[in-house]
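Look for subunit A in each of the two complexes below; its partner is subunit B in the first and subunit C in the second.
Let's look at the complex of A and B:
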């Protein structure tokens, strides 16, 4: 009889890393996302003021040069350097995206908190208003808002903010409703706190993690929205380098086989989006470990 | 303060209220222990008396003046005249506030910000909280320490009626004794009325002037109707 090893211990199925391996994967994802985002922020904040190159400089004799040493991303149809244009475009898109997401988060938090705190008819009216706005397609409503003013940064910002506060309002309202029935609110009422006091002291701080997460998740969404509006020719003025305008300008040359004027602005849109999604995913798992699927990009 | 509860019916479902036609009178300065099995509705009755739960019918009056509104609809002066200590300190404390802020919150909410340092400094040793605990948040202290802070919060506005809803149910014997002695010290100094709700007859008998079993409150609910609160 041979001396078998005990057969009772089958090897664990390798279907999912567990323990430290899983944690390190998560750490890697957070680290790389944070690194990319930091690089993006440094690039848009530091490069344009430091590098005194004119992104608008036209060199018609250099038009549509493929990527090379002089122009790492190549040049566009007017001979403008694409790397410089992309950084400036990302700067505008990021500014519009972040401020629109902030405005939308503040508006959504205010409406959601108001609806849940007041309850009753106020709640019903506010949430039906949210439903009504949400029933119109975002882009269509955004186009309508943009069309009310002359092209510029502010109308685009307003149109994106006006169409993106709805989900924040719903999330915040649900969270406030659950917080409102906790005994510490009873204790605060007994301590003489007014409705306003309870809202700003106990309820809003309690929903800030969720509202902040919703705001961060809507930054890339708002950037894409800005690009879509600009691509349609309704967003930022065409001379302004935004990622949407760059892609729109490059539409013709793509058919002629020049891929670089489309690819690089597209990558500048996709990579920060993935970085934000990676960070927001880690944040979501941290504040809400059980419900993974609730908030998605 | 004299508390009079007259034929109160209350609950979370109008067709099956947990408290039916309950009546209870507390003379000014009296300590009454309300004794009942779990799920019988004594917490709901305590919340009605603390102006935190609107009854379906019946009247509650303080010093002969009937109450017309509950929760935010009750006048602030009346709400703050009633101090409440709830059963679960974890749920009764805002997780974002430090113990010092927790104790001081009623003072800040009623616009008496300038009294905060003095009152917190006086109350903390009274309920047995050492200064190193005050800057901590609820998750950094034990249940007993948190309940001490909740008791201090209930006492900070000097209530004339104190309602302790199973205040000591989750605590060990020595913490229970300490908290009861804090309440008794406060009552001796101010003559406040006490409604202590609980299920421990030994504790309530030693603590209170008078014990009221749940069945003596009026028409008791039928056995099948007693359902635990969600």
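Let's look at the complex of A and C:
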């Protein structure tokens, strides 16, 4: 009697598919993510200056046309072309998201480096400040800041930056603490380098890759934050319509049954977010192939 | 290693309370400092449109009555001492004491959040186990991809699309509000019907994290020795999956339940606005659009309390359910 292996095991082993199947899946993911992001950059940088179409052009006789050949995304309640409005909205959202993420990354790197290099009480106070900001829900803090300063680009941008530097600060602090005990830092100290010089020349460059990754990852969330504020009517002024403003504007026509002015601006938020997540996932898989979870850094 | 006792749990809660006091002081102080640094003028806000035509003398008198000229630290201290005795000031939007606004609306927010959270945990566990049964399978791919897409989608956008589909296109559920317009009484069945859509959307927005964490936990547990032992003893796959792998895979999710409070508050803020749900989060938006400082300050403070309580709950649950973790380590 031959000992035949149990044919259909109810569970597959816990490892991932290896070999060509896995590689092609990853290539597809990286390729499509990079393609989407490239398309986004081109659309945002090239289309508005090159395509001489006025996104605000009102054609009341064309109002609320469903998606079709003339208007791929349809038109809104003033007859404005939605594709054009979405591209312009993405431009505004991306601008706010990227600048807020940059400010947050600089702030987080500064606080993290300061806390780790000064140590002692300064470290404790700075990290408790991080905990304090982290214990207020981000959007609530944003709503509070924008409410006091009145909607505008700067309050929105700063309120996003003020809530997105926490993880960068924590990551940078941990990295600096580990870098600080490396031999090259000892060498710099025995060479007579000042504390400031060590921080700027030896520690900060070492944490930049981590801080940069954290900054890139916070761009989609910053865009989300901006659109949520704009949707609540506490974001950007309407002449700078972002994707959130577009969704807010579309509420009236949605209740009248027109779905396209709501659907497309949202897709413009979802798809770049997924692309960034896809690239970040592939990047992390590359630097840490044994990491099994998508959920840890 | 000792079994978790009520005394250890109480000690942990006490330690967290000691830590929460300076934190709350800092947060409320920062709220008043931000208000003092901003161009917000409490006198004009109090006077409203009447402030536009009032003469300077009236405005000065009003400023004196409101104590607006004094340093913000003094006003913060006054607010704090009054708040400890239950007086949070008056809301200018709702023309009611802030404490009353919060108390009346908290019930509806709690109902919405609890329903949504329970649904998210149950559905998330089910989908996570389904995906973890065969990592890399078609089911797994479908569930994981859907979770990623959902986590990228803004909750207010999902809410609007849900209104379009269920309230307008299919006409099966009401589009918003707590009860039907025109009904005088709050009828439980009516409220339940109005609850389905907002709670469903909020649950869907919280779902991705639970699905991904349960999937990860169960996948990891399936590769561990106890599961191998259970399989070797010839237990059915069902017992192995639900009795062994799910039990240890659920542990990280328990910790997650408490730490999801900030996201839950954020989600509720947007969902309540879309569905005109008369909860505390929607009140935040009306308070913000008309700069009702007293209400905003109270809401920020209570949201912070909720987040801290969530963190405490997470640690208590971990300590109670995981015998490997001692309360003293938390």
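Keep this in mind: the second predicted complex is superposed on the first by the 262 of 297 C-alpha atoms of A that agree within 3 Å, B and C clash if a C-alpha of one lies under 4 Å from a C-alpha of the other, contacts with A are read in each partner's own complex, and residues count from 1 in each chain.
One rule holds for everything that comes next: a contact is a pair of C-beta atoms (placed from the backbone, for glycine too) under 8 Å apart; a residue touches a chain by one contact, two chains touch by 3 or more.
Nothing here was measured: the structure is a model prediction, and the numbers come from that model.
When the shared chain is aligned, subunit B comes close enough to touch A:184, but subunit C does not.
In the superposition on chain A, A:194 makes contact with subunit B only, not with subunit C.
When the shared chain is aligned, subunit C comes close enough to touch A:257, but subunit B does not. When subunit A is checked against subunit B and against subunit C, the one touching more of its residues turns out to be C.
By the touch criterion defined above, A:270 lies against subunit C but remains apart from subunit B after alignment on the C-alpha atoms of chain A. When the two complexes are overlaid on their common chain A, residue A:231 makes contact with subunit C while staying clear of subunit B.
Look at A:140: by the touch rule set out above, it reaches subunit C but stays clear of subunit B.
In the superposed model, A:206 makes contact with subunit B only, not with subunit C.
The contact surfaces that subunit B and subunit C form on subunit A in the two complexes do not overlap at any residue.
Across the complex, subunit A meets subunit C through its residues 10-17, 128-129, 131-132, 135-141, 143-150, 220, 224, 227-228, 231-234, 247, 250-251, 254-255, 257, 259, 262-263, 265-266, 269-270, 273-274, 277, 292-295. Subunit B contributes residues 47, 50-52, 71-72, 76, 79-80, 82-84, 86, 88, 91-94, 96, 105-106, 109-110, 150, 153-154, 156-157 to its touches with subunit A in the complex. Residues 182-184, 186-195, 197, 201-202, 205-206 of subunit A are the ones touching subunit B in the complex.
Of all the residues in subunit C, the ones that touch subunit A in their complex are 23, 26-27, 30-31, 34-35, 38-40, 133-137, 148-149, 152-154, 156-157, 160-161, 163-164, 168-169, 175, 212-213, 216, 219-220, 222-223, 237, 241, 261-263, 265-266, 269-270, 273, 284-285, 287-289, 291, 293, 296, 299-300, 303-304, 307-308, 311.
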